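In what comes next, subunit A is part of two complexes: it sits with subunit B in the first one and with subunit C in the second one.
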Partner chain A sequence: MMKRYFLHLFYKEWLKTRWAFLGTLLLGTATILYIFIAVENKITLTGAKTILLRILYDEPPVIYYASFLYIPLLTALAIGIAQYVPEVIQKRIRLTLHLPEKNNILISGMAGFGLILLTLSNLLYIGLFLYYNIRLFPEELTKPVMISLTPWLLSSYIAYNFIAMIAMEPNKWRKVIYSVIAYYILQLFLVGNEPHGAFRESLPIMTLMVLLSSGLVLYSSQRFYKGEK
Partner chain B sequence: MLIIQIMELNYVIQCINLTHYYGKKLVYENLNINVAEGRILGLLGKNGAGKSTTINILNGFLEPRSGQCLIYGENTQHLSPATKRRIGYLIEGHVQYSFMNVRQIEKFYSGFYPNWKRDAYFNLINKLKITPHQKISTMSCGQRAQVALGLILAQDPDLLILDDFSLGLDPGYRRLFIDYMREYAKAEKKTVFLTSHIIQDMERLIDDILIMDYNRVLVQSPVRDFTTRFKEFTFELDRDDIELKDHPLAVNVEHLRNHYEFYTYGNENEVRQLLENLGIAYRNFKEQPMTLEDAFIGLTGKY
Partner chain C sequence: MLTKIIRIIAVLFAVIAAATVLPQLYYTTFPPEGRSSHKNICYSEILGDFIISEYIYSTDKKQATGQTVCYDRHGKSYSRDSVARLLLLDNVSQLAYEGRFPDTICGIAVTPELVSSEAFSQYHSAQPGLYYGLCELRDQKSYTTRTLEPRDLFRITPEGIQFIVCATNQIDEEKSRLFTNCLTAADFRFPALRMWTSPDKNISEAIGYYVIDSKNELYCLSMNQSVPAVQKLEKPDSRNIRNITFGKSPDIRAILNTENGNMYIQHPDQSYTRLELPDSLRKSGRLTGNLFYRIFTLPAQNQQTTFVFDRNFRLVDSCTLYFQPQPQNTAGIFGEFLFPFHIGQTAWEGFYADWSPVKRFLWLNLALAGITLFYKRRNGYRLSNPFVITDILFVTIFGIYGLMGISAFPLKKSREEILNSQSPEL
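For the complex of A and B:
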C-alpha cells in the first residue's frame, strides 16, 4: 500500500507542475482538434475518397497528424523543467532529500509523479486520436496511425527521464554530454514522414529504451548525494 | 590549538577523522567534532575554512574522502527515515518551497511527521503580517525565515542544523529568531548545530564553539571557557618592526605602527614577562575586554 506521505509528495509536485501540465495539455488537445477540423474541412471540400487515397497512396505519404509530432515531447519538457530545474537551482531539492524517507524513494516518487502526468496526457491524446480517427476514417487506418504515433508518445518518457537526469547531475560537462545523447536518442523516436505504421518492428526496442531510461535519474541522484563535482 | 573535552558522553553528532579534498585542495584532515545532547554549538570560520563542507557532510550531501560523521549513531551518508525525522534542517538563506503559500507548505510537511505540531507553526505565523494564502516567493527574507522556523518548530526535531541562519535578516528579525530559538532549544532540550556569519548573534545563542581555520580546528570548547581563557593585551613599543608572532605564548599578534595587539591563552604576568625577557620596553599595557567577534578575529586574524 502506498504510504500516506506519498500523497503529500505528489501534492507538492502537483503545485509545481500544474500550470505547465495543464498548459501543454490544452495545447495538445487544441492541436489534435485542429488536425481533425482541418481533415473534416478537406473532406467537405474534396470528398472523403480523395483524402483517403492521398493519405494511403501519396509519395511521400500525407501525414495529416504531423503537427502533433512534438506535442508529447513539449509536454515532457514542460513537466520536467517545471518539476526539476527550479528545485535544483534554488537548492530546494535538499529540502526534499531531507524528508524522512530514503533518498532513492523520494526521487523515485518525484519521477513517478511526472511519469503519471505524462501517461495521463498521453492517454488523453490517444483517446482523442482514436475517437476522431474512427469517426472520420475506416478502421483499417486507425491501427497504423496509432503505431506511427507511438514513438512520438514514447519520446515524451525518454525526454522526461533525461531532463530529470540532467537536472540532478552535479557536473556541468556531464549535463552537456547527457543533453547531446538525449538529442540523438530523441531523433530516433521523432521521425515524422514515414508511412503509417512504419515503426511497427521498432516498438519493442523503443519500449525497452524507455524502460531503461527510467533509471537514469537515480544514477545522477547518487552522484548528487555524494557531492560529486 | 585548544580542545577542551565536553564532559557529556551522549553525543548527537560525532565526526571522526574527517578528511576531505576538493580535487587536490585539502579542506581538512582528520577533523573530529562532537556535539553533546542538549547543547547549542556554533561553527565559526572564515570563508573557505570548511564550514559549508562540514554542513554538507552532516546533511548527507557530500561524501568525505575518508572518515565519517554520525548522527544518532548513523552514518550521515545513509540516514534512516526515523533518524531523518529527528533532524530539522534550515538551509542557508531560509530556502523553502517558494511556490507554496503559508497553508500549503504546512499541509505538505505535516504528512511526513507523525508528531506534527500545527499550532506551533500557526502561532508563529500569526505574529507576521502575512495572510494564509500569501506565497512564500512574495515574502521578505525575514518573513521567510519565520516560516522556516515555524516549520521546524512544528516538526519538533531533536537536532536542529541551521546553516547561516542570519543570512539576509535585519537586526529585528535576527533578534526574534535567536530569542525564539534559544528559548525553544533550552526548554525542549534540543541539540543545535549552527553556522552564522554574524558572530554577535552567536554570542546570545550558543553554549559551545567550534572555530575552524584552513585545514584545522582552532577551538572546540564551551564558549565561556574560550572567552575566559583567550585574552587580548595591547601595548605600545618604541619600534614597529618587532615580530612577536613566533613566540609560543602568542596565538596571534597584530600591529599598526608601534601599537600592538597580542592575543594569547596566557595571563598578564606571562605576557609582561615575555616582553621583559626579550628586553623590549613597552608602555600603555592593557588587557582589552573582548566580544566573541573580537576573539574570533583575534584568533583567526583580520585577513
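For the complex of A and C:
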C-alpha cells in the first residue's frame, strides 16, 4: 500500500519536474562539454604540457572548470521551484497533505524524489566530467579537481532543501528571512578561485550541513498544514 | 517532537549564517583598527649595529600626518641623510645617482655593480607548499636545443618513476624504465614522499629535484642530455626533512628545515651549516644577503627578530623588534561586546570560529538570555520544557546570533502550554 503511494507520488513529482530537470541537465552537460572543448582548444594552441603546468602551478590558479560553479545550484533551483512553487501557490499541495497518510512521510517522499533527481544529475555531471578529465589529464590533477567540485555539488542539496522549506512556509516575511539565511549558507559552499583541492578540510562539515538540512522542509510543511502565520 | 528537533537545526543554520555575515558587515562599516606605526630594521655595516626606522602617525587638528624617525638600539637618533651614509649597501642606487657612493666600504674596494650583484632576497617557508606529486624534470642542457625540451611530467609511484607524455596522457614506458633502473641502482626506495625544485628555471635545470624516498632518505634527481643523474645526498642530521627552499645566492644551494625545527644551509659542495636560530618549526622567514652579511628575519606575533650572519653563516648579532599591539578603537571593543564569535573558512584549514574574549560578550549574552527567559515566561511557555531551555541556552552561548535564530524560527507552544495560557481568561 505504502509502496503504491510512493509510486504515485513519484510519478506526480516526475510530471512536475521533468522539463526543469531535463532542461538543466542539458545545460549542465553542455557546460561540461564546453569546458573541455575550450581546454582542448587551448591544448592545440599552446601545447598540453604548458596548459597542464599552468593549471597546476600558476598563481592565481587556472580554474578551467569555473563555469561549472553555478550549474548544480541552477539544477537544484529549477527542480525545487518546479516541484514546490506552483503547487503551493495554487494550494494544490493541500490535496497531498490530506491524503490518508502521515504528512511527514508524504513531504519526505516529495523531498526524497527531488533529492534523487539531484543526485542523478550530480552523478551524471561527475561521470561526464571524470570521463573527459581522465582522458586529458593525469590523476594527480583529477583528484584535487574533484575535491574542488564537491562543495559546488553539495550546494545543490542545500539550495534544494531551503527552496522546499521556503516554498512551504506560509508567512511571506519568514520566507524572506529563510531566503537570507539560505543565501549566506550557500556562500559557504560556492567557493572558487583557490588552488585545486582547496576546501578539503571543510568537506566533513559541509556534508553534515547537507544531511541536517534535509529535514528542514518538514518544519515549514507542518506550519503550512496547521495554517500558522 | 520531530518538528521541534528540526527547528533546532534550523536555528543552528540561522546562527551560522548570522555569525558569518554580521561581523563581516559590522567590521567593514566600522574598521576595528586605526593607523599603526610602521617599523623597519636594517643592519649598518659601518656602525656594526642595527638602525631602526619608524613611521609615526600623529593626529593634529583631525589631520593625520606622519614622519620617519631613525634610531639605534641605544636610542641615539639619526637624520635621514646620515642613515643613508650608514646603510651604504641598502642605499646603493640613491647614493650612486647622487655621486656619493664611496670607493671602499670597511676597507674593501666596491662598485655599485658589485654591491648590486651580491644583493638577494628570498622567502623560506617552514611549511611545505602546494604539492600535486606531478613535476617537470628539465634537462640540464635544455637551453641548448629544443630537442632536449621535455614533453612530459613525472610522478614517483610505489612501482617506480613514471613520465607522462602530456599530449597523449600516456606513460613513456622506455624513459620511465631507464629512470626507474637508475634510481633503483642508487638504492632509492619507491615511492617518493616529497619532491622540491627551485622556481627559478635555470636553477631547476641545473640541480633538478631533491626527492625524499619512502625511507626518508634524500636524493638529487636530474637529467643531463636525456640521461638520468641520481645522487644520494647526506641529510643534515638524523631527523626527517620537513621543507626545502633552493637558494638564490651562489653560496647557498638550499635551505633545509628538519622536523625538530633546525634550519640548515646547504652549500654548493653539499656541506651543511646549522643556523643558530631558535626553533624554526612552523616559522617562515626572509633571507636577505649583501656583500658582507646574510640576514634572516623571523616574524612572530607582535614582534620580529633579525639575525645577522657573516658570509660563513656565523652569528654576528641579533635584534628583536617589538610592535605595540594595536590599541582597539571603540568600534572594535563594541564589536567584541556584540559578537561572541565569527565563522569563516580558509582554503586549507576549513571552517573556523574565532571567539571574542568571553568577559566582553558574556554580559550581553546573559542580558539577552534574561530577556528571552522573561519573554517566554510572559507568553506562557513552560520553563521546564526542554525546548525552551534549549532556546535559552542558545541565546546564552551564541548571544545575538542565538536570539536572531530563535526569533526567525519561533518555538510553537505545546497543547498544555496553550491551555494554561488561556485558562485565566476562561
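Just so it is clear, the second predicted complex is superposed on the first by the 227 of 229 C-alpha atoms of A that agree within 3 Å, B and C clash if a C-alpha of one lies under 4 Å from a C-alpha of the other, contacts with A are read in each partner's own complex, and residues count from 1 in each chain.
Note that a residue touches a chain if its C-beta (ideal position, glycine included) is under 8 Å from a C-beta of that chain, and two chains touch if they have at least 3 such contacts.
Computed from a prediction, not measured in an experiment: that's the story for all the values here.
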* Which partner does A:Pro138 contact after superposing on A: first (subunit B), second (subunit C), both, neither? -> second
* Look at A:Tyr219 in the shared chain and tell me whether it touches subunit B only, subunit C only, both, or neither; answer first, second, both or neither. => second
* To do: Considering only the touch criterion stated at the top, classify A:Tyr70 as touching first (subunit B), second (subunit C), both, or neither.
  => neither
* Where does A:Ile177 make contact in the superposed view: on subunit B (first), on subunit C (second), on both, or on neither? -> second
* Thinking of the overlay built on chain A, is A:Leu99 touched by subunit B (first), by subunit C (second), by both, or by neither? -> first
* In the three-chain superposition, say which chain, subunit B or subunit C, touches more residues of subunit A. => C
* Asked: Touching A:Phe10, do we find subunit B (first), subunit C (second), both, or neither?
  -> neither
* Thinking of the overlay built on chain A, is A:Phe199 touched by subunit B (first), by subunit C (second), by both, or by neither? -> second
* Show which residues of subunit A lie in contact with subunit C when the two form their complex. => 43, 47-49, 51-53, 56-57, 104, 135-138, 140-141, 144, 165, 174, 177-178, 180-181, 183-185, 187-188, 191, 194-203, 205, 209, 212-213, 215-216, 218-219, 222, 228
* **Sites on subunit B touched by subunit A in the complex** => 22-23, 56, 59-63, 77, 81-82, 84-85, 87, 89, 91, 95-100, 104, 107-113
* Given the complex with subunit A, which residues does subunit C contribute to the contact? -> 2-3, 6-7, 9-10, 12-14, 16-18, 20-21, 130, 132-134, 136, 150-153, 155, 164, 166-167, 169, 345, 347-351, 408-409, 412
* Asked: For subunit A, which residues count as touching subunit B in their complex?
  -> 4-5, 7-9, 11-12, 15-16, 86, 90-92, 94-95, 97-103, 224-227, 229
